Structure formats: C-alpha cells, structure tokens
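Consider the two complexes below, in which chain A is the common component and chain B and chain C are the respective partners.
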Partner chain A sequence: MTASELIVTKKLTKQYPIGGNFFTALREVDLCIDQCEFTGIVGPSGSGKTTLLNIIGALDAPTNGNAKVLGSEIGKMNHVEAAKLRNQYLGFIFQTYNLLPVYNVFENVEFPLLLQHIESSKRVDMVNKALEWVGLSEKAKSKPAQLSGGESQRVAIARAIVKQPKIVLADEPTANLDAQNSHHILKTMVTLNEELGTTFVFSTHDEKVISYLRRKIKLSDGEIVDDTIVN
Partner chain B sequence: MTKFLFLGLLRDKQKSLFPIIIVSVGVVLTTWLYSWMLGVFNEVIEGNARFNNGHLKVTTIAYNEISSQIPNDLCLTEVDKLLETLRAEHKEYEWTPRIKFGGMIDVPDETGETRAQAPIIGFAADLRSEFSKENERLQISKALVKGKFPSQSNEIVISDVLADNLEINIGDVATLIGVSANGGMAIHNFVVSGTVQFGMTALDRGALIADIGDVQYAMDMENAAGEILGFLKNGMFNEELATSNKEIFNKNHSDAGDEFSPLMVTLLDQEGLGDYLIYAKSAGGIIVSIFVFAMSIVLWNTGLMSGIRRYGEVGVRLAMGETKGHIYKSMLVESVLIGLVGSFIGSMIGVAVSFYFQEYGIDISSTFKNSTLMVNDVIRAKVTAGSYYIGFIPGVLAMLFGTAISGIGIFRRQTATLFKELEV
Partner chain C sequence: MLTWNLAFKNVTKAGLRTWLNVFILSFAFVLIIWTDGMYDGMSKQVIGDMVDNSIGGGQFWQSNYDPFDPFSLDDSHAEIPGNFQNLINTGKATPKLIRSCAMFPNGRVQSALLNGIDPEQNILNFPSSALKENGNGFIPALIGGRMAKNTGLTIGDIVTVRWRNVNGTFDAADVEIVNIFNTNVQAIDNGQLYIPLAKLQDMMEVSNEATIITLQKGIETIPAGSPSWQFKDHAYLLKDFYDYLDRKTVGSNIMYAILLGMALLAIFDTQVLAIFRRRKEMGTMMALGMTRGRVIRLFTLEGTMHGLLAIVLGAIYGIPILIWSASVGIGMPDTVDQTGLSLSTTLYPVYGVGLFFSTSLILFITVVIVSFLPTRKIAKLNPTDALRGKMS
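Let's turn to the complex of A and B:
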C-alpha cells in the first residue's frame, strides 16, 4: 500500500446470516482506490454496493478478507476507533439526505465540527465556506423542511465536506432528485474534488452520475466484473 | 455540543414537550393520590383522637392497664389541680376531662314503672364551660337528628336508633342505672334533649353523651374523671411533640410505685393505633407503589417510543463520527432533564391540587343522603413534605428507565442495521 492508496480491500467477503444459512453479499472483492479519485461502484439493486460502502465507512465489518482505510484495518477496529475514523476522515452523503429536522441549515453543517471540538469562530468560517461551495449561503437560517430536495442534498454535501475529509462516501445521492438537480450537485462535487482534492466514492445505478465518473467499478452479485478508467 | 443538543431538545416538541406533559400528568396523579391517602389515614387517626384517645391522654396507672374495662373506680382524683398543672406545663395542648361509663338506660312510664330498658355506653364531656370545644370535637350539634344540644342541667343526647327502639321522645326522662366510682349503685334521671347519629354501628346501637358535671354527680365522682384528654391546639396529631410531652410529664408526675399516680400516654400507645398507623403507612406505600409502577410503564413507553423514533437521528450522528456511548449518554441526560422538568411541573400542580383538597375536601355526606354522621363527612387530603417529592420518583426514574431500555436497542444493533433504517 502506497501513501496515495486510501482504500484497499483484499479478498473482501461479506456474508449475512439468513435463516440457518448465509447469503454472500460481497465475494472476494479486491479493490484499490487512490487519493483524488472520483469513482463509482456501479451495479443493479442488490449487487452489494451499499454493503461495500458501509464496510469502507467502518459502519460494518467484513466476514472474511480485509479492508484497509487510511491504513487502518476495518475488521480490527472497535466502536470508538471506527467513530474516530468517520469523524476525522470520512464524509457521508445519503440517498434520503438525513438532515436533522430541528436544526437549521447552518447548524446541520456545523454538527460534525462540534464533534471535533473546533472552536466557535473557526466553526463559523468553515460552515460559511462550505455553504458557499454548495451555493446555499442565503439559506443558512432555513429549516430542512423549507428546502427543496436538491437544496437538501446540497446541505448534506456541505455537511459531508465541511471538515474537509479525505474521503466522501455517497450512496445513491441522486436517487431522489430530478435531472436538473442531479446535474447541479454532481457539478458541485466535481468542483470540490478538483479544488480540495477530496476522494469521492459513489454507489449508483443512475446514468447521470455514471456520466461524471472517472472510474467505474462494476459490481454484480457481490463480485467485481469490470473496472474501467474513463479519460 | 451540549448547548447544541439542548437546543435540539427544546425545539423538538416530540422529544421535549410531549414527554414533559405525560410525565407531569403522571406526577400530578401520584402526588395527589399520595396526599389523599395521607389525608384519609389522618382522618381515621383524628376521629379516634376526638372520640376516644385525644392526642395525649392522662389516666391513673391502674386505669391505663385495664382501660378497656372502663374502671372508673381507678379514676383520677383532684382533677382541677391536675388540669391546672397540665394547662401550665403543657401549653401546646388543650386539656379536657372525660368519663366513659357503662350501664343501663331505663325508661319509665307515667306511673314510674319500667317501660323499656337497654344497655348503653356513655360519654361524659365538658359540654357547658364557656370555652369548651367538646361540641366541635364530638360534633354533637352537627349529628343531631332530633331535638337540640344538651345545654341545660341533666340533659343528654342519645343515639337515634336507641331512641327509636326504646320509643323515647324528646323531653322524656331516661334513668341511668350504673355503678358509682366507689362501687355502689348509681341511679340518675336525665332528660333526653336530642338524638344523634354517630355513624359507628357500635355506638349507634346504644350510646349517650352527657355533661361531665352531671355524670360526676351521678357517679359519686366529685372532682374526679376517668381520663383527661389533650388536643394539640393548632393542628393534627404530631408524634414527636406528643412523645416528648409524654416523657416530660411522666418524669415529673408519674410514680411507677403508686398505681393511682397519673400516667400520660400518646394516641399511638393505645388500642393498636400505633399498629394501624404503621399498617396504614405501608398500605399507603403499597398503593402509591402500584400507582408509581403503572405510571412508570406509561412513561417508559414514552421513553421507548421516542427512542425508536430517534433511530434515524442516531444513524446520522453515528455517521458523523459520534460514538455510541456518547449518544447513549446524551439520551440519558436528556431523559433526566425531561423527567426533572416534568416532575417539577407535575409536583407543583399536584401539590396545589392537594392543597385545594386539604382546604375544601370532598363532602361525602351527599353520598349518604340524609345522614348526619358524627364522623367527619368531609374527607381531606393532607399535604406533607413527601407530597413535594414523591412524584419525582416515577417522573425521573420512569423516563430514565424507558430511555435506558430503548437505548440498549441502539447499542445492540449493528451500526449498519441502524443505518439501513435511514433508507426509505
């Protein structure tokens, strides 16, 4: 593993117990993702994309093989170490935005910084900058309920990016968005990838997303069937 | 971070307002029930004090030993001196002499022959002194069914049932046949001025109330009395005060070697009342506990519901890198806060409601229409120090348990599973 390799999996296998049996969601996945990549895990529903992202995000552990993220082995971490990894180096974007409804836009974006115990004046700067990136500075005081789907997802992007993580994991981020909004947020993410050098890993089966990817890793029934770099 | 979470709590009415309302309601009910039970037990104690035992009672040592036999031959003598001493040395209490006696009541016809006869139990109390409160204590005027209060010499009231059985009318003569203090026969003519309903079967079957002066004369008990009762001037029975007064009096005036020397006892020393109080307290404790338990289940459910409702929030916070331990702790702190606020509000309202019922009570006389019971027909709550904090037990604990249990679900689940629940 070289310094630029952020995510490395070796024979990564994940099985879910079903009845007395096992269902294999990931089968011996070998994968290496470098810094600054804009990569998508592509495949139909049920192919294991979310499972793979969850393991990379230290939300789940492998059954066999191993996954190393930023040099730490996921299967060997305890809760606290996993939380620390997420807190410091990982940003998440979900299909359903998952903003906290009682907090306004500013506060939602501020939340990860509070977990890092960053002091108040610095927090304000960082949140304002993140909102600028996603073009929502005017909506800082709005509540999530007052936002459109596209705006909500942009807040979620700001929240994922505000602490300038090494990696952003985005699980079907456009699934609930129309074409125009999908393109808008993808452009935002491309810009962030270029300007901040943040690595983006998507899970998607949306053609619009796929058209922006620089690398497509095709997953089928838990196995990598294709891995293409787009020029 | 704390401020951030606190803000969220304040804004989320599902998380703060509703649980607070539910906790408050439960706490109001607990507080009220507790005060109410205390009031009812208290009424039993006070009723006993007024009729039989006083808060404190002075008799001779010998009388006290067999007091259930009403041994008036062992009565206190030189009662005026003793009363003076008591009034001087035990000023918090009002002191009044009483004589209980047994005997027969005999109703003569026009020719003086016996028309009807019945056994009776008699109460002699100071009915005619200017400042006597015995009418209030025995509630004679209030319990009158026919006739009037016995304010004239040799007038008595008897139980209404007895009057019916003996076919006595107001103004009729009734002759008491009893035993005098020195063992002789006591025969005395009284005039029935009224009838009363005692509200206690034993007394309604055959009891009379007479003035103590008349009874002293009738029974050869000049300046003597079976008992001297003490009632706390402002208030209900107070165990500590009664006990300390008892100890002081007995040290100064009681002589264990002289069975005719006076002895002071408290309400709790008599006729198993102490046991009753212990029983009442534990019964009250059990009833309140059952209520507390039921409330806890309701509140626990609230905690549970809000816990489940929060899986989504928990998932996001985990993704942001908060540890499970920290999330769990913050949920517990929130629940304690809500429990405290709800208990505080509930206790205030509960105590206010209890004070209302302490002041005005519930009039049960309308439940027993047309009855003029001698027992209090208004039942009151009683507010004590306990009323202020009893509600905090179910309020805080139930909220805390509920959250703790629902929170364990969050711990038990795989992080990824919690996460799955974020997906629609």
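Let's turn to the complex of A and C:
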C-alpha cells in the first residue's frame, strides 16, 4: 500500500446469515482507491454496492478477507475505534438524506463538529463555509421538513464535507432527486473534489451520476466484473 | 457534557413531541398518585370510623365472648374489675353488656343483639345520650339506619323484646325507638339494639357486669388484663379489614390494576415507541461518528429529562387537582355498602409525602428503564441495521 491508497480491499467477502444458510453479498473483492478519486461502484440493485460501501465506511465488518481504510483494518477495529474513524475521516451521504428532524439546517451540519469537540466560533465558520459550498446559506434556519429533496441532499453533502473528511461515501445520492437537482449536487461534489481534494466514492446505477464519474467499478452479484478509468 | 448538551437540545428542539410525551407521562403520574390517594383515603377513613364508632383505643373482652358464636353470648359477662371501674369513672373507658334477644317489629320476629351502653359515655362517637330521655315508661332504645330499614321501625315506634332470664325462661319488655343514627360501620348497625346499660343489667338480673370494656382512643397506658378479661388491640380488631386490604393488593381491585396498567402503557408507549421510531436517527448519529455508548447515554438522558419534566408538569396541574379532590371528596356509588366495609358515601383521598415521593421515584425509574432498554437494543445493532430501520 502506498501513501496515496486510501482504500484497499483484499479478497473482501461478506455473507449474511439467512435462515440456517448464508447469502454471499460480496465475493473476494480486490479493490484499491486512491486519493482524490471520483469513483463510482456501479451495478444493478442487489449487486452488493451498499454492502461494500458500508464496510468501507466501518459501519459493518467483513466476513472474510480484509478492508483497509486509511491504514486501519476494518475487521479488527472495535466499535469505538470505528466511530472515531467515521467521525474524523469519513463523510456519509445517504439516499434518504437522513437529516436529524428536530435540528435546523445549521445544526444538522454542525453535528459532526460537536462530536469532534471543536470550539464554537470555529464551528460557526466551518458550518457557514460548508453551507456556502452547497449554496444554502440563506436556509440555515430552516427545518428539514421545510426543504425540498434537492435542498435536503445538499444539506447532507454539507454535513458530510463540513469536517473536510478524507473520503465521502455517497450511497445512491440521486435516487430520490429529479434530473436538475441531480446535476446540481453532482456539480457541487465535483467542485469539492477538485478544490478540497476530497475522495468521493459513490454507489449508483443512475446514468446521470455515471456520466460524472472518472472511474467506474462494475459490480455484479457481489463480484467486480469491470473497472474502467474515464479520461 | 456534550451528551448533556445534546440531550437538552434534543428535548427542547423537539417541541410538540416532547410536550405530548411529557403530558402523557405527567397524566399517568397524577393518576397513579390520585388512585393511591383514594386507596389510602379509604383505609384511613374505614379505620378512623371503626376507631371512632366502635373499637376506640382497643377493647377488653370477657373471656367467653366470641362475636361469631351466638350460643356462648349469654354467658359472656362478668363483674367489671376495679381497675377498669376507675377508668370508667374518669371517662377513659366505657362498658358494654351484650345479650341476644328476639324482637317483634310489626308482627314479625327477628333475632337481634341487645347492647347495654352507658348513656353518659364520651368514648365513642355514638348518640348514646339519646338513651337518657325517658318520658313514657318504655325502655329507650337506639338503632342504626340499616337496622331501621330492615325492621321498618321509625322513631317513636314501640317494639317488644324477648330474652331468656337467669332461670332460662322467657321475659319480655317493650322498648321505644327514641333515635336512629347513621354510621358507616355496619357491625354496630345491622341487628343491633342499644338500650341503657343499667336497664339491661336489671333485665339480666346482674349488677355491674359487662361483656366488653372499650378504652378511650389514644389512651396512654393499657390497664392490665386478667384471665377473664383479655385485651384485643387494633391489629386484632381490624384484622378483617386488613385481610380485605391484602386481598385487594393481590389483585382483586380491578379498577386499580387497570389504571396502573393504563399509566404504565402510556409510559411504555410514549417512551419505547418514541425511541423505536427514532432508530434511523440513531443509525445516522452512529454513522456520523457517535459511539454506541454515547448514543445510549443520550437517549436515556432524553427519557430521563422527559420523566423530570413530567414530574414538574404533573405537580403544576396535579397538585391543585389533588388538593381540591381531597377537600371536596369523591362520591362513592351506593353499591360500596354491599362490600361489608365501613365505607362512607364520600371518600377523601389522602396523599402522604411518602406516597408522593415513592410514586415519583417508581415512575421516574420506569421512564429511565424504558428509555434505556430499547435504546441499548437498537444501539447494539450494526449501525447499518439501525440505519435501515431494521429491527430483529
């Protein structure tokens, strides 16, 4: 592993117990993702994209093989270490936005910073900057229920990038958005990738997203079937 | 500190959800205290009435006396010992002589107990002074409201009473109902006829004898008994009632169980469901880097804050309601008389400080537990399962 390799998996296998049996969702996946990549894991529904992203995100552990993220082996971390890794280095964007409903936009974006015990004045600066990136400064006081889908996902992006993580993991971020909003958030993410050097890993089967990717990793029934760099 | 701040923020930001939750909790809280208060009020009232109207500060029974054995009754009398007589003379005790009889109200025959009591006594809350007036030569007699209803007797009625004299043959006399009293204590009402003690002693051809000596309520020193006069304390005299209360706590009081069940259900519903509905929120917090332990502490703390708010809110509207209902009382349906208890028609709930604190504590602990357990269960899931809202 070189210094620029952020994510490395070796023979990564994930099985889910089903009844008395096992269902293999990922089968010996070998993968290497470098700094500054704008990569997508592409495949039909059920191919194992979310499972792979969850393991990279230290939300789940591999059954066999290993996954190293920023030098730490996911399967060997306890849940406190995993929480720390997520908090300091990873940002998540979910298909369903997952904003905290009682907080307003500002407070949602601020939340990861609270967990990092960052002092108040610095927090305000960081949140305001993140809201500027996604173009939602004027909605800082709004509650999630008052936002459109596109706005909600932009808040989620701001929340993911506010702490300037090394990696942002986005699981089908456009699945609930119309074309215009999809392009809007994708352009935002491309800009962040270029300006901040943040690595983005998507899971998607949305053509709009695929058209922005610089690398496409095709997944089918838990196996990588194709891995293409786009120029 | 962060957990405290977040919990406080979540509770205050949740607005309506918090207040709904807190209101239901506080309602359960007030309801439990009120029900407990009714229960305590009933005990206090029954015991108070029994003490005031019947058993005073305890009784000495002539050794043959057995209220459940009518055949031994006519032998259950003896000379009042000197130490009791001193107490009687100083107004600290009062004698009662009991004799079985038959009475003939309105041409029917009915067995009853003749109670000879001192018209001058002040020991029991009992209109015995009515027995002092005696204008027209009949023996003055006193009966209770239930007895009056059963026999059809009213004030001024003359009724013939027959009893066995010392020789075993029948004697008879006419008594006049001079007053009818109302009491919650059925035992001193049903089948009881009260006449002056001296008259009954004459009729039985005994002098200065009695069956029961009732002591003044709150008397400091209980006089010494003897083989023929045995002391019966409150624990003994109230045993039936305490037994009834015990049966009640075991679960015969369905109403109480339902109320308590409702209250617990409300707590369970508001806390557990609120937490289960928020499992995606928990998953999100974990994905954002919150540790499991902190998630559990946060949600338990939120529940705890709800419990505290509920106690404060419950106190704000509950205390006036509780005080008000304790002062005006709660009307009881007529049917309670059939339970055989000395229940009055209006119950005054009694709330002890202990009751208040123990109920608060129980409720509070319940809230904390039902916040903690489901939170722990959810937090122990993989964050991925919590995120998906899956529960297994």
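The criterion applied here is as follows: the second predicted complex is superposed on the first by the 231 of 231 C-alpha atoms of A that agree within 3 Å, B and C clash if a C-alpha of one lies under 4 Å from a C-alpha of the other, contacts with A are read in each partner's own complex, and residues count from 1 in each chain.
Everything below uses one rule, namely that a residue touches a chain if its C-beta (ideal position, glycine included) is under 8 Å from a C-beta of that chain, and two chains touch if they have at least 3 such contacts.
In this text the structure is predicted, and so the values were computed from the model without any measurement.
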Given the alignment on chain A, is it a clash or a fit between chain B and chain C? clash
Output check: A:T39 vs chain B and chain C. Expected answer is one of first, second, both, neither. What do you get? neither
Once the structures are superposed on A, label A:T204 by its partner contacts, choosing first (chain B), second (chain C), both or neither. neither
Let me test your reading of the model: by the given contact rule, A:K84 touches which partner, first (chain B), second (chain C), both or neither? both
First (chain B), second (chain C), both or neither touched by A:D60: both
Please indicate which partner A:Q95 is in contact with in the superposed arrangement: first for chain B, second for chain C, both, or neither. first
Quick check for you: in the superposed arrangement, does A:T9 touch first (chain B), second (chain C), both or neither? neither
Kindly classify A:T174 by the partners it touches after superposition: chain B alone (first), chain C alone (second), both, or neither? neither
Looking at chain A, which of its residues have contacts with both chain B and chain C? 54, 57, 59-60, 79-80, 83-88, 90, 92, 94, 98, 100-103, 107, 111-112, 114-115, 117, 159
Residues on chain C engaged by chain A in the complex (per definition of touch): 2, 5-6, 9-10, 13-15, 17, 280-281, 283-293, 382-384, 387
Chain C contact footprint on chain A (complex, rising order): 54, 57, 59-60, 79-80, 83-88, 90, 92, 94, 98, 100-103, 107, 111-112, 114-117, 159
State the interface residues of chain B toward chain A in the complex, per the touch definition above. 1, 4, 7-8, 11-12, 312-313, 315-325, 414-416, 419, 422-424
The chain A residues in contact with chain B across the complex are 54, 57, 59-60, 79-80, 82-88, 90, 92, 94-96, 98, 100-103, 107, 110-112, 114-115, 117, 159
